[in-house]
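Both of the next two complexes hold chain A, though its partner changes from chain B to chain C.
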Partner chain A sequence: MRTLRQTAQMLRKELLTEWRQRSRVSGIFWFALATVLMVAFSTPESTILPRIAGGTLWLGLLLASTRSLDQSYAVEHEHGAMEGLLLWPVEPVAVFYGKALANTAVLVGVALALLPLLVGIYDAPIHGSLPMLFLTVLLGCGALAAPGTLYGLITSQARGSSVLLPLLLFPLVVPALLAVSNATTKIFEGDPMNQAPSWIALVAAFDAVHWSLSAVLYGRIQED
Partner chain B sequence: MLGPVRIEDVSRRYGRRWALIHVDVEIRPGEAWMLLGHNGSGKSTLIGCLSTALRVHEGRITMGGRELWEHRQDLRGRIAVLGHKPHLYDDLSAAENLSVWAGLGGLEADIPGLLRRVGLDPERRDPVRMFSAGMRRRAALARMLLKQPELVLLDEPFTALDPAGRELLVGVVRSLRDAGATIVMATHLPQAARAVCEHALILEQGRPIYTGSVDGLPQDLAFE
Partner chain C sequence: MVYGRWTISGGMITIAIGLLGLLYLLVVGALGLRPSRPVLPVAWEQPMGLVGLVLFVIGNALGLFYAPAERFMGETGRILYVHVPAAWLTMVCFLVAATAALGFLFSGKRHWDSVVESACEVGVVEGVLLLILGSIFARPTWGVWWSWDPRLTSSAVMMLSFVGVLLLRGIVRDPDRRATWSAVATILAGVNVPVTYMSVKWWRSLHQIQSETMKGSAIDGSMRWILYFNTFAFLFVSVWFLARRYRLAEARAEAEMPEPLPPAVPRPGVTA
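Up next is the complex of A and B:
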């Protein structure tokens, strides 16, 4: 119960600081949109665009997530708040879940803002189920946020953290990215063979492992 | 009550350089100690070890007979630190900061009352980034008071404070001591610390060179 309350408080703090610095979130959105646009304009055949819309969405979110995660720790280190958290009677698990949930929420927000633009620019109408697309986005953003929150902590105290974070994070999230890209593409194109649920199940399994394992490791890394 | 703080033959190094060497002191409940010494003498390292931010490499520290590092999760709720960094979130107001930290620690606090006590206006909505260094220090002091601590660790607490701020800080620390808290204050301003502390530990290059009453110190002692 105490951990749940502390997680809710941490989440509240994260969302409040994000709200106060809305320029940070909009910066992440523009970064993701620029990626989506660059891929669209560099593709020679416009007929290919609807087929790559799903993958491009996740490419944009992946690149934007490193900025978002990096900034989430920059706030903590500005005036030693990270040390303050360590010395405060708050469980590291709650700090992890609060931050990871907030990072997920930011990425989901960016993804939801990108989706209509993606549909328009890539001429990719959504033939599949919208709730399933939302579930895919939620699980996919969670798959970036959980390991990203852990690795963000590791790299945040190192010099060149913005370079180190993608180096550590990208190889780790490849399976989840392949699965969400495939699931999203199937949902965009229509899914007569009903393959999307299998890809979604794979992302859900990835999330289950990383949301539990990262929470356990977070406290040990925070102490170091 | 926390019981005595025993620093037993403690040494701590950074890499191969020893910052604390064989420090051995017993601090009884309710006592107020000043840590004196030149820059780099090990004062902040000792405060770090007492706060559980740093682990000792030799010897041990106990509080009320409990090994500090081993029981750090339990004891952190009873230790308050006012360090070099204010442990505040720049984008939030002072009241929001206190509300966040109180919520995280599950602490009941009269936040407007605390802010008034340190000379800040509870109605002020400006984010902490707009504060002067002295006002930030006051906000950090209010944050420290959220805990109703039994061990109070102050690292160069007079930094950035004007004479009125110093007087206020001395008053707050005195009231904590009168309420039974143990005080450890690292400073290079012994004259200011004399108003609160009756014991002194002088460190030189990590080694204790004086342990005892402040009455045994020369009046014109200075560490510039």
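Up next is the complex of A and C:
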């Protein structure tokens, strides 16, 4: 119960920081949008755009997430807030869940803002069910945020952090990326064979593993 | 081969090699861990590596010339005798790395960190070998060098995530931080090992499912013992690599340690 309350407090604090620095979230959004546009520009034929829309959405979110995860700690280190956080009687698990939930929320927000633009730019109308799409977005953003929050703490303290985070994060989230891209594409195109649920189940399994494992390991890194 | 009343089969030789290797590891290897009392004039892993190399040559010759051709793949199937052991040993090395990482996080002993370093590196080397051998195998059997089959994809992901661990180790200077961080990264990367192993069962695709399971074998006895012969060759060479790399990591960690402070100089009139 105490952990839950602390998690809620951490989440509130994180979201408040995000809200007061709205330029950060909008920066992430524009970064993701730029990625999506760049993919569209580098695609030789516009006829294949609808088919790659789902994958591109996640590529954009993945690249944008590396920026956002880095920064969520950069803010803390800048003002020595990290030390303050460590001095608080807060369990590391609560710190992790608060941060990971906030990162998920930011990514979900960016994804939801990106979706209508994607539908327009990529000419990819959504044939499948919308609730299913939202579920995919939610689980997918969680899959990026959980290991990202853990690795963000590591790389924000290391030299050459901007290179290191993608190097550690990308291989790890490949299974999740594969699954959400497939699910999203299936939902975009309409899903006559009903294949999306099995992909969503895979993301859910990935989430279950990483949201628990990362939370356990987080404390060990925070101690340093 | 029949000697009087005794019939010696390849399978018996292979089992004997495995048992002898295990016995050597348990007796000489365990004793050799204590540097204060050397059992052999050389480090214990050196004879094992030498035997491993000899077995490696014999095993390859057996696989190439002695083993019967595979029914469906013909002569191409012979690459199995190196491809499968490489895959097994890659996963074994990564599992050792993940276990050692857990050991480090629980105990905080530096030796575990050296095991992580050596196992990750040897695992990555064998993983590269595995992917190269797999590509050579895929070209004649599937017609392509690479396919986005779940087994291949998960193997590549597993490899990349451990390469990430090695890069992390390369970037972080502080030994304590490096040890903790890479232990965490190793455990997260280790999640990929069971996924890679089970990928052929979970998503049935191009790659065949496991032939050797707890429930039995799908390989004929005439080929199976050569496969295991080669596996022992790989195992011995891997243990050799691991032990050498472990010693190197230990030596480097030793060199990284700060100089001990000089002993306190007693001053007249001051009692401790």
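Here is the rule we use: the second predicted complex is superposed on the first by the 224 of 224 C-alpha atoms of A that agree within 3 Å, B and C clash if a C-alpha of one lies under 4 Å from a C-alpha of the other, contacts with A are read in each partner's own complex, and residues count from 1 in each chain.
One rule holds for everything that comes next: a contact is a pair of C-beta atoms (placed from the backbone, for glycine too) under 8 Å apart; a residue touches a chain by one contact, two chains touch by 3 or more.
Computed from a prediction, not measured in an experiment: that's the story for all the values here.
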{"item": "First (chain B), second (chain C), both or neither touched by A:168", "value": "second"}
{"item": "Partner chain in contact with A:21 - chain B first, chain C second, else both or neither", "value": "first"}
{"item": "First, second, both or neither for A:178, with chain B first and chain C second", "value": "second"}
{"item": "Touching partner for A:204 - first (chain B), second (chain C), both, neither", "value": "neither"}
{"item": "Contacts of A:220 with chain B and chain C, given as first, second, both or neither", "value": "second"}
{"item": "Which of chain B and chain C A:84 touches, first, second, both or neither", "value": "first"}
{"item": "Contacts of A:13 with chain B and chain C, given as first, second, both or neither", "value": "first"}
{"item": "Chain A positions touched by chain B in one structure and by chain C in the second", "value": "none"}
{"item": "Chain A-touching residues of chain B, taken from the complex the two chains share", "value": "51-53, 73, 76-77, 79, 81, 83-92, 96, 100-101, 103-106, 127-128, 136, 143"}
{"item": "Complex contacts: residues of chain C adjacent to chain A", "value": "105, 153-154, 157, 160-161, 163-164, 167-168, 171-173, 176-177, 180-181, 183-185, 187-189, 191, 195"}
{"item": "Touching residues on chain A, where the partner in the complex is chain C", "value": "147, 150-151, 154, 157-160, 164, 167-168, 170-172, 174-175, 178, 209-210, 213-214, 217, 220-221, 223-224"}
{"item": "Chain B contact footprint on chain A (complex, rising order)", "value": "2, 5-6, 9-10, 12-13, 16-17, 20-21, 75, 78-81, 83-91, 94"}
